[in-house]
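A quick write-up on the structure given underneath.
Going in written order, the chains are labelled A, B, C, D and E, and every chain counts its residues from 1.
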Amino acid sequence: VRPAAAEDVTIAVASNFLSTAERLVEVFEAASGHDATIAHGSTGQIYAQIVSGAPFDVFLAADAQRPALLRQDGLAEMTRTYALGKLVLVSRIPVTEDSISEAFAGQNVALADPIVAPYGLASTSAMERLRLDTATFQPILVANVAQVATVFATGNADFAFIAEALLPRLAADHVLPLAGKHPPIRQDAALLVRAADNPAAMAFWTFLETEEARSIIGAAGYDLPE
Amino acid sequence: MNLWPVISLTLQLAAITTVILMTLALPLAWWLATTQSRVRPVIEAITALPLVLPPTVLGFYLLILMSPQSALGSFWVRMRGESLTFSFTGLVIASLFYSLPFAVQPLQTALMAVPQATVDAARTLGASARDAFFSISLPLARRGFLTAAVLTFAHTIGEFGVVLMVGGNIPGKTRVISIEIFTAVETLDYGTAHVLSAGLLIFSFGVLTLVYALNRKGGARLG
Amino acid sequence: MARTLAFKARLARGPDFVLDAEAVIPLEGVTAIAGQSGSGKTTLLRALAGLDQQKGDAVRVDFAGQAWDDAERHTPPEERRVGFVFQDPSLFPHLSVEQNLRYGARRRQIASLDAIVDALDLKSLLPRATEGLSGGEARRVALARALASDPAVLFLDEPLSGMDWDRKGEVLPYLARAVSEAQVPALYVTHAADEIAMLADRVLTMDAGQVVGWAPPPIRMSARVEGIGPNGMLIALDGATEGKGRFSVPIRARVGEAIGLGVPADSLMVSATHPGNSSAAMVVPADILDGANDGSGIRVSVFGQEVHLPMLDIGLTGSRVWLSILRALPRPEPRDSQADANHD
Amino acid sequence: MNLWPVISLTLQLAAITTVILMTLALPLAWWLATTQSRVRPVIEAITALPLVLPPTVLGFYLLILMSPQSALGSFWVRMRGESLTFSFTGLVIASLFYSLPFAVQPLQTALMAVPQATVDAARTLGASARDAFFSISLPLARRGFLTAAVLTFAHTIGEFGVVLMVGGNIPGKTRVISIEIFTAVETLDYGTAHVLSAGLLIFSFGVLTLVYALNRKGGARLG
Amino acid sequence: MARTLAFKARLARGPDFVLDAEAVIPLEGVTAIAGQSGSGKTTLLRALAGLDQQKGDAVRVDFAGQAWDDAERHTPPEERRVGFVFQDPSLFPHLSVEQNLRYGARRRQIASLDAIVDALDLKSLLPRATEGLSGGEARRVALARALASDPAVLFLDEPLSGMDWDRKGEVLPYLARAVSEAQVPALYVTHAADEIAMLADRVLTMDAGQVVGWAPPPIRMSARVEGIGPNGMLIALDGATEGKGRFSVPIRARVGEAIGLGVPADSLMVSATHPGNSSAAMVVPADILDGANDGSGIRVSVFGQEVHLPMLDIGLTGSRVWLSILRALPRPEPRDSQADANHD
């Protein structure tokens, strides 16, 4: 039931967090009575839009850099890490950390473009730690982890570095967790300046910290900040 | 999932863009088809330019151009009280830019094929230059008009990079069907993607077949 | 002052051709424009109609006192009310024949096309697309379209080429009537001697972009319908005595109506002796009015009518000669209707 | 940053796509322009369909179609030893699909404006149907050909969604300029984005102006 | 067996018109096709040229023994070697005049166009675009283009309409020579009596899509060039006695060359008495060969030549009459060259 003081909040979400955000919003709306609207896109794109005056109240980014920049620009009231992404390697044949190098030889390996996507950057550092030589296989760089998963799902790559959060939707034969092999992928949220007097935005900002929200995020395949 | 708002928004955008763009393209194409001016090749080249930028990038520049900080954007805010970006109007303006080449070029091609003698005949029969354009040149160029309209309409439906950038993907306001399908693919919801794509293809196929079949009935044709 | 179309036209076409024509044409009846292919007849008509804009300060087109073109002004074609039949029919391919006819009529608030449709026998073609029309049919439609647009003057660029003689025999009198009764003067480009003989009141000659001057007028006699003949109507030359100067022509006309007879120069023989019984349509006596040629032919008197013949040097010395007329082309004459008009 | 490989790859892709597509579009457009068949409107509608799907989504389906598991993809692997996706060839195929409507439709419009009488004259002068097509119809439709080629070329340069999906952004193999600009915008490197966009616009403007200016010189024209 | 074009053509155009024509046409000289506008002349030529495909099992076109069309076969137009001049010139607008001429020539391996270019006076037009050509110029180019393609037969659909008489006087003899010397027969659609008189060996008449039959042939006499006359060449009718049956015609020919004279029926008068001194070009005596009309005219003997006159009912009873010829149109005759050809 919608309370008398019900308000709207618009949440801009990095595409890789979209399904988790939808679940959060469902619970938030039921609990608070406010209405939440989700807009999604790539983190860089949402940043450019916010700078251009996009009507977003809360930004759930896929990295820490863009929220920090917004804060610097004076466009964000506050920022906070809301999830830590985890990388996994999916494959059609079973692999272990030791057999990767051999298994990769000559194969198509899909990962997000490290220049554009935080998961891409994490993938390259994982590859370094595993001492994989990019010259021995064919790296396929696409725009984001979701497209990495699509490339794998359509049979166009033998290996793919994807977010653990995507696993439930992907029929992967074999999964190799790489949690310890890359620096944490910090996904920060920003409360934007224009939301200052919006109780719904404040309510969502607070909700993000609740145990209820944290358990949803954790169940979706993310680590949680302290 | 209630798709109706998304579908209705998509059709509105495509229809409005097509109507406005054809209206704007008409005088431009006419001018290009009939002018003896030396700058014609320059203007022709400019009308094709929106194509060479990737949609997202074009969207990025349109975002800058229409943002409340810009001259255009601030004027709009003063006039209408809301920002141009992330509004339906902003989407329409962005689509106009992006589809301009498809509207102007086929129309110009078809208008250039209209024989001067036929227009001259109309003039001696009492038609002003404008009247002759609408009663003679345009009907004779109607195949080019159709091509332009179809390309614009279809392209606006499928457009997505610009729309996502300028529109911000706001449900009921700027979220169109192409974004919905894109979302389904991005969230690995392939089932929904297949259903939506098939739906869109079948619908578009139906509309286009009807348009072409009707056009065919219209008797003698040229251009 | 008589109404005239006075012009000084200048227009270059390509590197080699310059139209540089000057003339004063009476706006009455049919003025034929003759000249070799490429002499600039079409260019002249287009310039006068305002379709190609002329260049230069000396340029001037005055139509019955209205300045159509001068150094400052360029009246657009649609305001000149020129009924133009182009050398190539230029029908509107997206419209039916009827819509083609209505195109100009609607824009000049003409309601009924019946008379024109009847005269040019277009009834059965009205619902047709222009695409399947035969060459002659298309020309007929083009002519009707121009006539239906309530023109102040007709510019006809070989309007009847591609029509058979039977058809011309129907169309020419209709054209003659349109010109005389509706008082719409015509400029008429043609290469057909027959058409000039029948229709033209005077002939302007062009060469290499310039107006050369007036050619000898066609041979013309006046006659009157006396009754019904074996082959149309029986007509008698004005002034003809009992039993002479009569023959029958295929024309639709009322008894008593005035008829002009055009005689193609190729179908008229001047001879010293009566040829006796012959295949000529009519043999009439004529008196040579001035025995010496005046450079453009001889003048004779036929039953008191003065007739100009373009024959030079026929070597006849006597003053009484015989004209054997093998063929004469009848055209309805304006005389009566003009008289009516004067009474108003 | 050494942009040369990216630029060269982009131009190659655009040029090859344009050449192949114009070659394929020619017979199709001719058939569509001259056929009396009842299925014509259906085929016309189909040629416009690639436009209505968002590029990424089209890319998704092309990924499925060309994957090594598919008939086409596995055939290719057997023939050439490498996968079709993420190869330059794959990019070309994808671009062909995406630009098909721009190639076929303006060409068809222009071919429909060629008078049958002119073609008939050529036939009686000893030209076979094929000969008459190349020596008469095509030159008369050259404005439509130009429009089709320009739209295809420009569109392939600006294309990005399909390319990224099917090409996988592999330097020297599938990384084209539009991806480079996209990357610059995504990484907030707006300076580079401006430079690259301006360069692309100026270059394209130059090429297009030249093309249009040359075409203008070519004497009498129709369609 | 003489070479013929034998056909049974069937083709529907629109809901109302059906071409259903059958004839056997000798492939020699010029066969004129006459008939009202809309009678199906163009439709027939297009069907015979293979441009519009005919329907039905009975359809058949045999050209000198080759089956062009029958129930199974449809020879494509480019293999029929028909030199077609269309009613509307249909030049190639993207090619220059010269390229237009070369289009067919190149495809049939003809190297030199000089003779055609000279005859039709096209030299100055060669580098021109087709766009600025005048109506008559465009027709001349269309005619030259067909002639240059090395045709086995010519189909000419009003090829000279829009040309002035001077020009026709140049083109017609050239056409006649092409037909006679190169042995290329022609089917010739025209509404101009003069052209038929001068060029046609026979006249096929059409009406409402059907072949009605053969019309009376044009009046034709044979003559020979004797020397240079005041106005071209002096020619004498074959068999003419000293001092008679001679006159001068504007034609380029060698002394001794055989000339055919076409006399338009409108320019020939048959009379019982000699008209004396007259404006006629030539007055010659003739003897009526069978006094009774045979339904299509009378046969007379002129200096021993048998001539068919289409005059009916002229009411002349005597057997000696006079023919006053006001105008005769000369055409080069094939006789000599045919004789040459037979010697090879």
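The definition used in the following text is that a contact is a pair of C-beta atoms (placed from the backbone, for glycine too) under 8 Å apart; a residue touches a chain by one contact, two chains touch by 3 or more.
Everything quoted here is computed from the prediction, not taken from an experiment.
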Q: Could you run down the chains that neighbour subunit B and subunit E together?
A: C, D
Q | Far-end chain from subunit B, centres as C-alpha averages | A | E
Q) Quick one: subunit A and subunit E, Cα centre-to-centre, how many Å? A) 89
Q | Where subunit B and subunit C are represented by their mean Cα positions, the distance between them in whole Å | A | 54
Q.
I'd like to verify one number: the distance from the centre of subunit A to the centre of subunit B, where each centre is the average of its C-alpha atoms, in whole angstrom.
A. 35
Q.
Distance between subunit C and subunit D based on Cα centroids, please, to the nearest Å.
A. 58
Q.
Can you pull out the residues of subunit D that are in contact with at least two other chains?
A. 56, 60, 182, 185, 221-222
Q: Please set out, as single numbers or ranges, the residues of subunit C touching at least two other chains.
A: 88
Q | Touching two or more other chains - residues of subunit A | A | 45, 48, 147, 150
Q) Every pair of chains that touch: which are they? A) A-B, A-D, B-C, B-D, C-E, D-E
Q) Hey, which residues of subunit D end up touching subunit B in the complex? A) 40-42, 44-46, 48-49, 51-58, 60-61, 101-102, 105-106, 108-110, 112-113, 143-144, 147, 150-151, 154-155, 157-161, 178-179, 181-182, 185, 193, 197, 200-201, 204-205, 208-213, 215-216, 221-223
Q) Contact residues on subunit A for subunit D in the complex? A) 42-45, 47-48, 66, 69, 108, 110, 113, 115-116, 138-143, 147, 150-151, 154-156
Q. Which of the residues in subunit C end up touching subunit E in this complex?
A. 13-14, 16, 34-38, 41-42, 87-88, 124, 128, 132, 134-137, 140, 157-158, 161-167, 191-193, 264, 266-280, 311, 314-316, 322, 324, 326-327
Q | subunit C residues touching subunit B - in the complex, by the definition given at the top | A | 46, 49, 51, 76-78, 80-84, 86, 88, 90-94, 103-104, 107-108, 129-131, 145-146, 149
Q.
Taking the touch rule as given, give the residues of subunit D at its contact with subunit E in the complex, in rising order.
A. 115, 117-118, 120-129, 131, 135-136, 139-140, 142, 219-222
